[in-house]
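Each of the next two complexes has subunit A plus one other chain: subunit B in the first, subunit C in the second.
Right after this comes the complex of A and B.
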């Protein structure tokens, strides 16, 4: 009798564990939604990154003890307002097409005297690790909020970047035969329950591109567009995309131009 | 040759030259993009740079998207070549254990540089397909496979088709968005049998 009861209670416990495991996934989704709600009611936590970024922009740093305030983001030295909407673009001083992140690297090198390696180190923050790049990106992006995307893509190098980015978008490879197009080439598709924007269609491209950088509730971090590309290539089973590499900038050029005319509304909040 | 004939031939030549230069431009661009990618990625974990190298299916299919449908002769060439590469189970049995198949269909791990290569990969079928009624978190890149066996018939031919389809999707539908799970070594023979059982076993929740 005693023995059966014990067995029964063990079985009961095991059952409870099983059920707990089964609902664990569901619960974490619920928790995520709760955190999302909390984040929304407090305003966008990305504001903390924006404020830190603005301070970093003005702070004298690096071997040359200089701020970034003279950095030309494409609209002239020191002009931050609207800069995100014209990037990526061609810069004569580097003879390259640059996105925001690569341009910030350029300015950290030329104005502040950092080596390119130092400027590119730690491109993405993580738990307990705050990096300057995320904050600077959040700040500059926030200064374009509410403005329309307006990437020129008219200089020959800009056109070349666009065409190469487009080619990479449709390039299938790796163990799963995936390209960006597999997941972002058709309307109204989803993976599991996550909606997939059709990045070849104007309205979706505008909405998707205009929402990055973003504060990701599930990660508690502000994530840049460079991060977004890096993580999608991981899901694509490709090797690791290097921060501000030529392919990353070409792809950004393709997607940013597809988003032209759309209202830029970032840093946003995402799951 | 009269003038009309001459004009027709000249026009044909011009069109051909146009096509050739368009094609050359595109393959030029692809070559340039590949060079760019080779300097833009770094090896990480199990994902080496050779993942960027395309095989024939990948190279061919990357050219067709949007409104450019795969021409029939190209599709036939791919389907024939890929069909010849399928290795069916030596024991002639296509059905494994649907319970294990369900786990494989749920599992999204495998082949990413963040994944442990010592662990078996999943099929992540739910990422793209509806399968059982119980799982409401399914994607829509692929068609619904709900009641697959019940609708198609629990026949040996259909079992064999399902096995071949999961092993090498391109053998039946050129330039499909579905991975070639057996061909690319994502799933083992036993794992494929298990997901085929999920689709084809009358007891499987896919068919209930």
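Right after this comes the complex of A and C.
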């Protein structure tokens, strides 16, 4: 009897050690991934997209044979520096709240004479398919690197978008009863080895939003924020989030506003 | 036509440190597309680096090198203002040469 109890307590102790070792192993794996990312960031291929985007920005294209250099990204026509930190925002000319991608579509239509369908046709690149949108997004975003996020969200339409985005963020549905909040509503959650940011907490929201667009090593592509949201919807088994749809812009508005004050540090590099 | 490389060349002590980003698909020839057809191999085979016309690095690459490869190396004998030229050639015979000035 006595012996049995002693054995049991020894087993308990072993169990505790085992759990501690597993947690230590988990932490060191996360640290190793951090080291891997730091090593990669020196030669971030996103720079190739930035260079291509800058050339595309200045290139005369479309039926009107015009460049995008007069495009107003929110700080005035042609001002790229810092533009990403104030988007999404309300634009009087379209009477809409627009994020970077939708604003680029607007400029391709108004300045270069493309139809909206042509401008939106290839939103994301893939193997062997380079699209202008990815490159333009990388270029404009790179011009805001090191600056602080400063989304106003004061115009009634901006506030409306923010509230709509918030509703979408907390909305649960689909076959798995998922919402953004399922994965991004609590601290220190992981999916496999990826740390999931808690997007309802300021520090995490700032770091997460400030890290997109990003070069995804596993895909060999620069991915925009529109892509990030589109893929989150796919993982939630939601209907496809249409490129530059009002819902996608509203959700971006909610997340960008929550990241206000955070330093924008993208295009970054991710696994 | 391939996109330009991004080349940085800077003094690191008495040596020159060169960092190069190349834009290339680097298809291994092992992958299949959505229809099940093999995606043909397409990768950089030769890379050379020249300093003032003299070859300082020559490499043979294969399909194990990643897409959009990053190459970093050091060599002796360079000084600020000198030119470093990088050339790659792929298995299609496509080639690209770009130049940078050592800072």
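The working rule: the second predicted complex is superposed on the first by the 230 of 271 C-alpha atoms of A that agree within 3 Å, B and C clash if a C-alpha of one lies under 4 Å from a C-alpha of the other, contacts with A are read in each partner's own complex, and residues count from 1 in each chain.
The working rule: contacts are C-beta pairs under 8 Å (C-beta built on N, C-alpha and C of every residue); 3 or more make two chains touch, one makes a residue touch a chain.
These numbers were taken from a predicted model, which means no experiment stands behind them.
Chemist: Using the superposition on subunit A, decide if subunit B and subunit C clash or fit.
Modeler: They fit: once the shared chain is superposed, the two partners occupy separate space.
Chemist: Which partner does A:51 contact after superposing on A: first (subunit B), second (subunit C), both, neither?
Modeler: second
Chemist: Classify the contacts of A:220 with the two partner chains as first (subunit B alone), second (subunit C alone), both, or neither.
Modeler: A:220 sits against subunit C, while subunit B stays out of touch.
Chemist: Looking at A:175, would you say it contacts subunit B, subunit C, both, or neither? Reply first, second, both or neither.
Modeler: In the superposition, A:175 touches subunit B alone.
Chemist: Give the label of whichever partner, subunit B or subunit C, reaches more residues of subunit A.
Modeler: With both complexes superposed on chain A, more residues of subunit A are touched by B.
Chemist: Is A:116 in contact with subunit B, with subunit C, with both, or with neither (first, second, both, neither)?
Modeler: neither
Chemist: Have a look at where A:247 lands relative to subunit B and subunit C in the superposition and call it first, second, both or neither.
Modeler: The first partner, subunit B, only.
Chemist: Which holds for A:77: it touches subunit B only (first), subunit C only (second), both, or neither?
Modeler: neither
Chemist: Between subunit B (first) and subunit C (second), which, if any, makes contact with A:235: first, second, both or neither?
Modeler: first
Chemist: Rounded to a whole Å, what is the shortest Cα gap between subunit B and subunit C in the overlaid structures?
Modeler: 12
Chemist: Indicate the residue numbers of subunit A shared between its subunit B interface and its subunit C interface, in ascending order.
Modeler: On subunit A, the subunit B and subunit C contacts do not overlap at all.
Chemist: Looking at the complex, which residues from subunit A come into contact with subunit C?
Modeler: So the residues of subunit A in touch with subunit C come to 42-45, 47-48, 51-52, 127-128, 217, 220.
Chemist: Where on subunit A is subunit B touching in the complex?
Modeler: 163-164, 167-168, 170-179, 181-183, 185-186, 188-194, 196, 200, 233-235, 237-242, 245-248, 250
Chemist: Quick check on the complex: what are the subunit C residues that touch subunit A?
Modeler: Listed in rising order, the residues of subunit C that touch subunit A are 3-4, 6, 19, 21, 23, 25, 39, 66-68, 70, 72.
Chemist: Taking the complex as given, what residues does subunit B use to touch subunit A?
Modeler: These residues of subunit B touch subunit A: 29-30, 32-33, 36-37, 39-44, 47-49, 51-54, 57-58, 61-62, 65-66, 111-114, 126-128, 137-141, 170, 177, 179-180, 184-186.
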